[in-house]
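In what comes next, chain A is part of two complexes: it sits with chain B in the first one and with chain C in the second one.
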Partner chain A sequence: MNSALLKKNRKWLILFAAPAVIIFGIIIIIPLFQTFYYSTFEWNGIKLGEFLGTGNYRKLFSSREINTSLINSIVYAVFLVIYQVGLGTFFAFLLTQSKIRGAVFFRNVYFVPVLLSVSVVSQLWIWIYNGDYGLINQLTKLLQIDWSQNWLNQKWTSLLAVAFVESWKGMGYIMLIIYAGVRNIPEVYHEAASIDGASAVQKFFHITVPLAAPTIRITVVMCLTNGFRAFDTTYLMTGGGPGIYTYNLTIMMYQAMMGRNDYGYGSAIAAFIVVICVGLMYVINTLTKRYDKIYD
Partner chain B sequence: MKKIKRAILYVVLIFYAVISLYPLLWMFLYSFKDNNEIFVTNPFGLPKVWRFENYVNAFTQFDVLTYFKNSMIVAAATIFLVELSALLFCYVIARVKNRLTGFLHFLVSSGMFIPIQAVMIPLVITVRKFGFTNSLLSVIVPYTALGLPFACMLFYGFYLGIPVELEESAFMDGANLGKIYFKIILPQMKSPIVVLVIYQFMSCWNEFNLALIMLTKNHLKTLPLGLVNFWTAYQAQWGEVGAAMIMASIPILVIYLFFSNQITESMAISGMKN
Partner chain C sequence: MKKRLLAVMMAGVMALGTALPVLAEEGTEPKDPFGYDYVSQDVDADLTVYRYYADSDKDNLDYAIRKMTEKYPNLSFTMEHRTDSDGVALRTWAAVGELPDIFEINASDVYQTLKEEGSLYVVDEEVEKTGFYDLFSNGAAAKEARISDDGHQYGFGCEVSNLGFLWYNKETFEELGISEPTNYEEFKETITVLKEAGKVPVALFAAEKWPATSLYSLACIAEGEPTGLDAVNDGNAAITDEVFRKGAEKFVEIGNLGAFGKGALSTNYQQAYEMMYSGEAGYFLSGAWFFLTLEADGMGDKIDYCNYNVFADEAVKEDVRWNALGGYQTEAKYSVNVEPPCGLDPSTVAYLGLEMEYWTRVSAGVNGNMTTVIGDFDFQGGEGYADYYENYGNYQTFSNFTGDLSNGDFVVAADNACEMVVSGNYTDAQELIDDIAAGGF
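After this line comes the complex of A and B, so read on.
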């Protein structure tokens, strides 16, 4: 826009930009700094107490739950990537093949769990996993396999069971993103390759896969960071239990806030989650940077 | 050989379709059964008697209308506020190029990567301080702010695609920016506006974490929170809880039935923009 017009309409421009800037500043920017600031204090949410420096962080890293929480978060995040990106990529590639009939139907069906409320999904699966009358145990009984167990009440099965539910709920969304990424590959590449005599398999590995790679990378980052900030499903299905077997950082933070009113400690956990999420994204982007250059 | 391969592919596709839908079907069926049928006599089949009383009981004991109303208010208000503030803000950063707008653009876009936990504690404290705990605004305003990064990425690209000449000739005729924006620019933004409505609806309709911490009063709870109340109180009555969960899911499933292609396409765009 030319500068005379800008000057004349300065008031309008400020008026246009102001609401978003104010809301974003008050709700995101200031609290973000506050989180880091408060994490260095003893704080009960009402009166700011003693300055602790790194005290809350030291408390976090020497706490009883930190090892379990970190391992759980890693397992959870990796599980999400394997299930959602793995299956998502598989189905996305499959459904974009022109030979598959009913591709839109399958795409839409796989998306249904994404629509459901997390509390519906959690309760539904609590009963699917139920030790006495759950769907899984009833099915195994029907098939006469002695496999019944109390899925949500044991050490590893509980964590994997919850991770499975979150993956089940979100797979359709991840698949959809990859599906759109594959569909966006310009047809000319395939045509050019066909003219050069490339086979379907060659085209798949030399055109589809590399050109879909940036999209897949995005979904990997999404799944990994989701794994570290996931709260809802774990909170609803196990609340971190049995014992602390399904604890993770967000549950620790919730406990610090609502259970102990220890807001300084809670802020330290929150700051740690931010560092992990931003760090992960940075690491993945750096590691995969060279691929961008090849296909840009 | 080719035929067998294709058959296997379809079996795999159908198998996962069953995994996606069967749990829902199972829930639908048990919402019409009593515990005896669910647990012992008939866990899988159609209900022997369709017990509609489960729905009547759930409806009378579970305040579904209040929760539903709250969720609708939250979603509608958030959608309106995000659309309005992001549309206007993005117009400015797309049309005016200087250091300040560049910085604001960067600032809002990087909000995309910030997990909700990062701002949760200060927000709770602020909301308490200003006495918003008794109001749905305590989630509407944060949802609006959290929705801005994605909205901006979406709109920014579209604005760049609208030729500046249109506005400039209108300026020559002496119209002011407010008038020009709403008469000339806004009508061209229809498709991203629809995409954002769908995306924003999906994300605040299902939001749980912030709502759990902000909305502690029962009459303010949104549907996901209300459901949790109900199922912890009626843990032993599977039929009634199933009925409540079906009632809570039906609106969005019906909407999806009619608009599935629009919804999946909008959500796919949302991923591409990430």
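After this line comes the complex of A and C, so read on.
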């Protein structure tokens, strides 16, 4: 929109944008500032106590759980990106190929887990992973392979098992976003490449991926930030345990507030999560800025 | 006209149907000890009550509501069911100034905060005038528990807390040729036999964290600390003390024997009970409230609890027998908002609250916490319950279920460390001790 047109319609633009901005301000911006404010106090959830300044943040960075939680959050987020964006891009590409029969069926199948409630999915996988009666261990027994694992009770298997469930559940959603991006790539590029003799793999890496990059970038940001604020699946499947093996920043926040009744400390953890997520978004956007005007 | 008559008849049948079990059980309608001495018949308000309002408690409360709305025609109740066990809902209401008229406080820290904030009405006078606690078999103990350190009562409730036990399936034990253990060596033997028979020896519903930690607390009680982990929670002892180390050794030892199922950390209460009920598991840790389930399922004679602390050595088992896991009383129970939103004065709300509690207990009869209205009916809880009823007065010390401990930092540290034992990640007692000690305990 050129500046003259913008100037002419300024009043209307403000009018139409105002409701969204006001709602966003009330339910996001104000609570966000409140969180930062409360994080500087001793607070039991009812009565605001002593002003601590950076006390809660110092407590956070010297806590026993912070290293494990940060590492777990990073592993979790990276796992989500690899699984959801990696497989999502691959499946999105396959589904756009005219040679694939039943593409609509597969697209729906991949999307089904997205529609399921997180509690249902968690309970389902808890039983699949169960060390005594779980499906995976029973299958290994059936195949007479001595490979029975205590999936949710061991250090790395518990974290990866939960990350897998979250990835499995959300992959269809990410795939659909990428699918929409891939479908928007003008067909002429693929046709030209085909005439030049490019293989499917070459077309995927040299046309689809670069041209769908803005969409993929959005999904990467979504997966990374989802990874850092993941809570429900982990809480339902392991509660952060055993011990602190599957702790992450949100579980830490929950324990601080609900377990220790230390809402000020919990607010500091929440503020830290916000900073990480916004920071990640900024870094990724800066690094991938060159893909913004790919069709210009 | 016909439809109206039919509706009235149906309502009558439904009301009679819900009232009959109570009336049939008690034989005669219990007397109303309150009369109109404290609250006028014309009292006009909608009372909002926040408390556990499900399962058998719902039936009992519905009975109380019916009795009171018959007595006070202009009184109505809005029941808010308590779904949490950590006081989150109450804390949120308190933060925004929307506490109900009467509320159940189930977290000691919330109670302390509300008390300090002046949000709780002092019910001393109402309790005294009505002689509320004289109406109950355990009234003296219940009253004593409700008196705060400043001498006032900020809530009321005739219940005393349940005790915690290790329950076992008698049929499973008979099949395997084992019997109820009375000391630690026997307990270990039963674990081995159960394990070899392909069963999960101890079904812990460790998806809730407290059962695992409470089991460790039970081991500490057996080693001579009468209040178990309460002592560390209260700052009266350190986890590195000998008694807690020895308790840890036993707790870890049964873990190493394979006492806990691989899925223990994902097992909930119902699943753990089903495991024992079906014979897939041998033991089940729960509180005396479990008698209610046994009565409802007709399992009172098939399931019993271990009379002795199973972690106690033979030489000291009698010494520690009456040191209970659980049973500790907190001041908090049901409190009255100092500024009731229903518009009545808090004293009237307190009288109504006391009356409601009385009728609830009339309906409930005797249960796991030994509360009964004096002169009322018996509870059919089976052989185990008969033992429990007989022995209840012998208990000398009580402790908290660890989920009810007041120091959140300690609870989180202990829960996390005990999870590591149950999941098989800690096989040495020192790891458990070091982990909790690292939290500054």
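Here, the second predicted complex is superposed on the first by the 247 of 296 C-alpha atoms of A that agree within 3 Å, B and C clash if a C-alpha of one lies under 4 Å from a C-alpha of the other, contacts with A are read in each partner's own complex, and residues count from 1 in each chain.
The rule is short, and it goes like this: contacts are C-beta pairs under 8 Å (C-beta built on N, C-alpha and C of every residue); 3 or more make two chains touch, one makes a residue touch a chain.
Computed from a prediction, not measured in an experiment: that's the story for all the values here.
In the superposition on chain A, contact of A:Thr140 is made with neither chain B nor chain C. Of the two partner chains placed by superposition, A:Thr157 touches none, neither chain B nor chain C. By the touch criterion defined above, A:Ile28 lies against chain B but remains apart from chain C after alignment on the C-alpha atoms of chain A. When the two complexes are superposed, the chain touching more residues of chain A, out of chain B and chain C, is B. Of the two partner chains placed around the shared chain by superposition, chain B and chain C are both touched by A:Met258. In the superposition on chain A, A:Met237 makes contact with chain C only, while chain B stays out of contact range. When the two structures are aligned on the shared chain, A:Val274 is found in touch with chain B, with no touch to chain C.
By the document's definition of touching, neither partner reaches A:Thr288: not chain B, not chain C.
By the touch criterion defined above, A:Asp132 lies against chain B and chain C together after alignment on the C-alpha atoms of chain A. Residues 45, 132-133, 258 of chain A contact both chain B in one complex and chain C in the other. Residues 86, 88, 91-92, 94-95, 109-110, 113-114, 116-117, 200, 207, 209, 261-263, 265-266, 408-409, 411-412, 416-417, 419-420, 422-425, 435, 438-439 of chain C touch chain A in their complex.
The part of chain A that touches chain B in the complex is made up of residues 1-2, 5-6, 8-9, 12-13, 15-17, 19-21, 23-24, 26-32, 34-35, 38, 45, 87, 91, 94-95, 99-100, 102, 104, 106-120, 123-125, 127-128, 132-133, 135, 138, 142, 168, 172-174, 176-177, 179-181, 184, 215, 218-219, 222, 225, 228-229, 231-232, 235-236, 250, 253-254, 257-258, 263, 266-267, 269-271, 273-274, 277-278, 281. Contacts from chain B toward chain A in the complex involve residues 6, 9, 12-13, 16-17, 19-21, 23-24, 26-27, 38-39, 43-44, 81, 84-86, 88-89, 91-93, 95-96, 101, 104, 107-108, 111, 113-126, 128, 141-142, 144-146, 148, 152, 164, 167-168, 171, 176-178, 181, 202, 205-206, 208-209, 212-213, 223-225, 227-228, 231, 238, 241, 245, 248-249, 252-253, 256, 260-261, 263-265, 267-269, 271-272, 274. Contacts from chain A toward chain C in the complex involve residues 44-47, 64, 126, 129-134, 150, 152-155, 237-245, 255, 258-262.
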